[in-house]
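Remarks on the structure that follows.
Going in written order, the chains are labelled A, B, C and D, and every chain counts its residues from 1.
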Amino acid sequence: MPELTSGLGPLFTDPDPDAARAFFREKPRALINKVMSVKDAVAKLIHDGDYLASGGFGVNRISTAVLHEILRQRRRNLGFAGHTTTHDFEIMCAGNLDGEKLLARVDASYIVGLEARGLSPHARRVMQSGEVDVCEWSNYALACRFRAAVTGVPFVPIRSMLGTDTLKRSAGKEIVCPFTGKKLVAIPALYPDVSFIHVHECDAYGNCRIKGITVADVDLARCSKRLIITTERIVSNEEIRNTPYWTTIPSFCVDAVCEVPYGSYPGNMPGEYFSDEAHLREWLEVEKDLDAFRAFLKKYIYDVPDFDSYLRLCGGVEKMKQLRAKELLLPSA
Amino acid sequence: MPELTSGLGPLFTDPDPDAARAFFREKPRALINKVMSVKDAVAKLIHDGDYLASGGFGVNRISTAVLHEILRQRRRNLGFAGHTTTHDFEIMCAGNLDGEKLLARVDASYIVGLEARGLSPHARRVMQSGEVDVCEWSNYALACRFRAAVTGVPFVPIRSMLGTDTLKRSAGKEIVCPFTGKKLVAIPALYPDVSFIHVHECDAYGNCRIKGITVADVDLARCSKRLIITTERIVSNEEIRNTPYWTTIPSFCVDAVCEVPYGSYPGNMPGEYFSDEAHLREWLEVEKDLDAFRAFLKKYIYDVPDFDSYLRLCGGVEKMKQLRAKELLLPSA
Amino acid sequence: MPDYNAMELMICIAARLLEDGSTLGVGTGAPCAAAMLAQKTHAPSLFVAFEAGGLAPLLPSMPISVGDSRTFYKGLMATSMCDIMEACQRGMVDYTFLGGAQIDMYGNLNSTVIGPHGKPAVRFPGSGGANDFASLCWRTMVLTQHDKRRFVAKLDFLTSPGFLTGPGAREAAGLPKDTGPYKVITDLAVMGFHAESKRMQVESLHPGVTFEQVQANTGFELLKAARVTDSEPPRPNELRILRDEVDPYRYVIGR
Amino acid sequence: MPDYNAMELMICIAARLLEDGSTLGVGTGAPCAAAMLAQKTHAPSLFVAFEAGGLAPLLPSMPISVGDSRTFYKGLMATSMCDIMEACQRGMVDYTFLGGAQIDMYGNLNSTVIGPHGKPAVRFPGSGGANDFASLCWRTMVLTQHDKRRFVAKLDFLTSPGFLTGPGAREAAGLPKDTGPYKVITDLAVMGFHAESKRMQVESLHPGVTFEQVQANTGFELLKAARVTDSEPPRPNELRILRDEVDPYRYVIGR
């Protein structure tokens, strides 16, 4: 029997499948109209202390409107699944300012960076302060936490993280395979309290289509206790039913449907619009100075009533046309 | 520590992921034209003693042409994954006649039946003779054997089969969850030597689209060491690349592409043609009498050179038009 | 003489047990007819899930196979077996209907073999998805003919779990909490399970059937519920819909 | 003065190591440029896999994110992170390119923190998919600048596995057999790993660079390969394709 390592990292959520089953037993399944505003969805479904997860991939196909609304409604003490979180993590960290603490716990596989764009000065400030509890994972391991939860089992085994500090600072546990005697890492299930996923289209009940890479969202949608869908557009139930093999998320997972055109802005939405790199650079730039950052957040988030107003501040329809041209590889207007 | 049950059933294949990795390391990935006849694909890729798995769901979206060709080429001593196998299992069992033994080992979750149509007399004859080694599973457990293999881990845990004779006659092993102390069943990975899957369309390299339920085929395609695709039609690589989110099986899993229109006949192909219930009833009927069955197999399989000839014997284009009308819920011609 | 047959009665009783907005894992045949009838009466948003991947179709007719194209005709989703079974394992599927060659007093089912496993007298299909549904859905219902050959004291093979050996046995085996057999609907009666002993008990008798008659067709001692009622016969609108819309060719109800 | 810069040289060397018909897990930046260059020279059917789900795109330009729409533009498949990572775990992915804030003599990488984990002096992004790629792909390649701050005797945090503590350590840890670091390509040299000791060794020196210079920029003792060669400078057609087709806006090579 080889010596087995158990990660020292904190387990922020309960991996017990029977506790999750008791919740899912009561989750409504009926086909009812779930269309509401982002403001109402956040007010109704996201509470202080909840553990959240964001769909998409950091700055691609993200629910920016929900993230802004969480700031506006000043939620506190949240947990977050940092599964290649980039701009989404940057927005969450904006809630940790001047002694306020929106983000309290994070399962980190990729945080504080914006990939090729560089690191977020404010997210680093927050994460270097020690005020946020951190548990480390690899991207695949964190995806497998959703996979285990979807499957309704307390863990799934994988073969990465072995031998590293990433494992030691995770909450994974080494186990021995009963068939081969090989060492594996048991990855505990993660059932987020609330997730938000941006999709290309869905019906009023929440049957969704994603037209591109799904990242971890097929799983994330299924393992989340509550789920907010933002969508580029709402389509009819008849349209969904005409090609049921295009449905990626079924309505019985969904609690709210919010129609938010350009909802992934300033991020990329495949086939719809490219990312606004200038605006993303502006975020990274203003974060360097706290006064500038406060003013920026006030202007773009706290002083506007909703996401449409944010889009108007950022250039409105003209800007969106440019980003669409860029996405479709057309000559820009 | 609760008492743990280990299934007594035989493990027909090696669940070791490192052995599988060594195979997959050498599996060619290049984009090359893989179009060939069913005859050549079976001759080249399926050998005596191999462990096989069939895509689709028994009599829906199955590779009938490959199954017939296995009979015609008189393969022997095969293993088979009986994952809701109905008409496919019936065809395999037809190779166990007059002392010949095509089928030697079966992982059984659903065998010998054709669902609402009743049981296959000959498949029962074969399975009641004791000449085929059997390991029992539930459908989900057997699907999870593919899932574990796809994942490259030696097992995945599930919560069904517990407490039953199905578990005792399986090769699953009870384990204790390191997080919750709960009992789970470890389901060992299954890497078939060869699988055959019928799809709606694919390109010459083997990038495939399935337009309907995928059953276990997304996984089966990925975990099989060798894979034969039969397809209703071949489309261009450009068409595949125009909507990459419709690809269900990527070409690097595929070893042979065989264009076989009506290839699931007498089974159902979603959106294409319905099952030929009369012909399926004829199979069940002739099996009752061994002489009649021998004559039937000679006429429909052994004495015809290929699947097209079988289709002609069964009513050809006229019959196919009727089945298409039935599938599309049109008034039959 | 009643104006309905035993199968029609069983299907109507089964349909009434399905709540609107609940989820149901089913196979073909009578269970599917019950689901369609429920949808067309009191439960329009009953979510039907087929183990091969079909979810919530608008069934144009009774499927022949759990995987045929009818099972996802105008469905909300056409997905995979794992996706459906994972939903069951996660606790999202409320009901299932099963059958079997044998059933015992704890609602355990045999659909694998009669006789020794290695060389059986009769080989049946095996578990299929039945063990999974019986393990993972919240409430298992059984629809079956009632005779001594089926209702036996000891199964030849325990394919799919009921309450196993009795109180606490499912939990001890590791099966999900609070799951298990719920109702057994036969051509004679409706049975449930005693809350403490987990043994099968008669809860309602079909018109003209006595408890003694049910016991005489059962290979183990049946309990009686505190209150044994009369099964409600099919209502006219149920019969009309069942015959005209659900099964016009009488594939299931015709026998 | 050569007519190319260090980054161009590194990318050309990296591209040449990629065989046609092999599979590669990559991120954005220089690794992606190397993959594009390989495709446009000797390896047209190099399968590029992005961890977010993009498989084998016809990249119209360099992606900004591992998950942006360029990563599956006219791809063979747009799938999920698990599907890509499972392919790695199954043994279907031959190469990966990684980077990191620190690397040690066994090719272990740190991309998590400098200083104590609970309250670090510097927080980096963490593993992302790097630990998975380094654990599961057959051969790991590292592209990085060469200086003593990066090439350290002891990592502050071991994010992604190289050969861990040396010979046999990966296998003992449970990592898949026969995997591990393959090449480290810097602005000074190309390094591999000694077959027995698993320690980093200089295999080729870039034009004008001496072994001593490489050692002076490295915080641990470097080995010398049995035969240390001269790195081949970029060929004219490589430079032309890299500058005109792969990175015309000089996002990566412009520095």
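Just so we're on the same page, contacts are C-beta pairs under 8 Å (C-beta built on N, C-alpha and C of every residue); 3 or more make two chains touch, one makes a residue touch a chain.
Computed from a prediction, not measured in an experiment: that's the story for all the values here.
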item: Chain pair with the higher count of C-beta pairs in contact (A-D, B-D); value: A-D
item: Rounded Å distance between chain B and chain D, as computed from the means of their C-alpha atoms; value: 40
item: Separation of mean Cα positions, chain C and chain B [Å, integer]; value: 28
item: Euclidean distance of C-alpha centroids - chain C vs chain D, Å; value: 57
item: Residues of chain D engaged with two or more neighbouring chains; value: 54, 72, 78-79, 89, 136, 176
item: Per-residue multi-chain contacts in chain B, two or more chains; value: 17-18, 151-153, 158-159, 182, 184, 212-214, 245
item: Arrangement of touching chains [line / ring / star / complete / other]; value: other
item: Inter-chain touch pairs (all); value: A-B, A-C, A-D, B-C, B-D
item: Residue ranges of chain B touching chain C (in the complex, touch as defined); value: 2, 56-61, 82, 84, 86, 108-113, 115-117, 119, 124, 127-130, 134, 136-141, 143-144, 147, 158-166, 169, 174, 182-185, 212-219, 268-271, 274-275, 277, 327, 329
item: Contact set on chain A toward chain B in their complex; value: 6, 11, 15-18, 151-159, 173, 175, 177-180, 182, 184, 186, 188, 210-214, 245
item: Contacting residues of chain D [partner chain A, same complex]; value: 27-29, 51-54, 60, 64-69, 71-72, 78-82, 85, 89, 108, 112, 117-132, 135-136, 157-161, 164, 169-170, 172-176, 251
item: Touching residues on chain C, where the partner in the complex is chain A; value: 20-23, 45, 47, 55-58, 72, 74-79, 86-92, 94, 136, 138, 176-178
item: Residue ranges of chain B touching chain D (in the complex, touch as defined); value: 17-18, 20-25, 27-32, 149-153, 207, 222-223, 240-242, 244-245, 247, 250-252
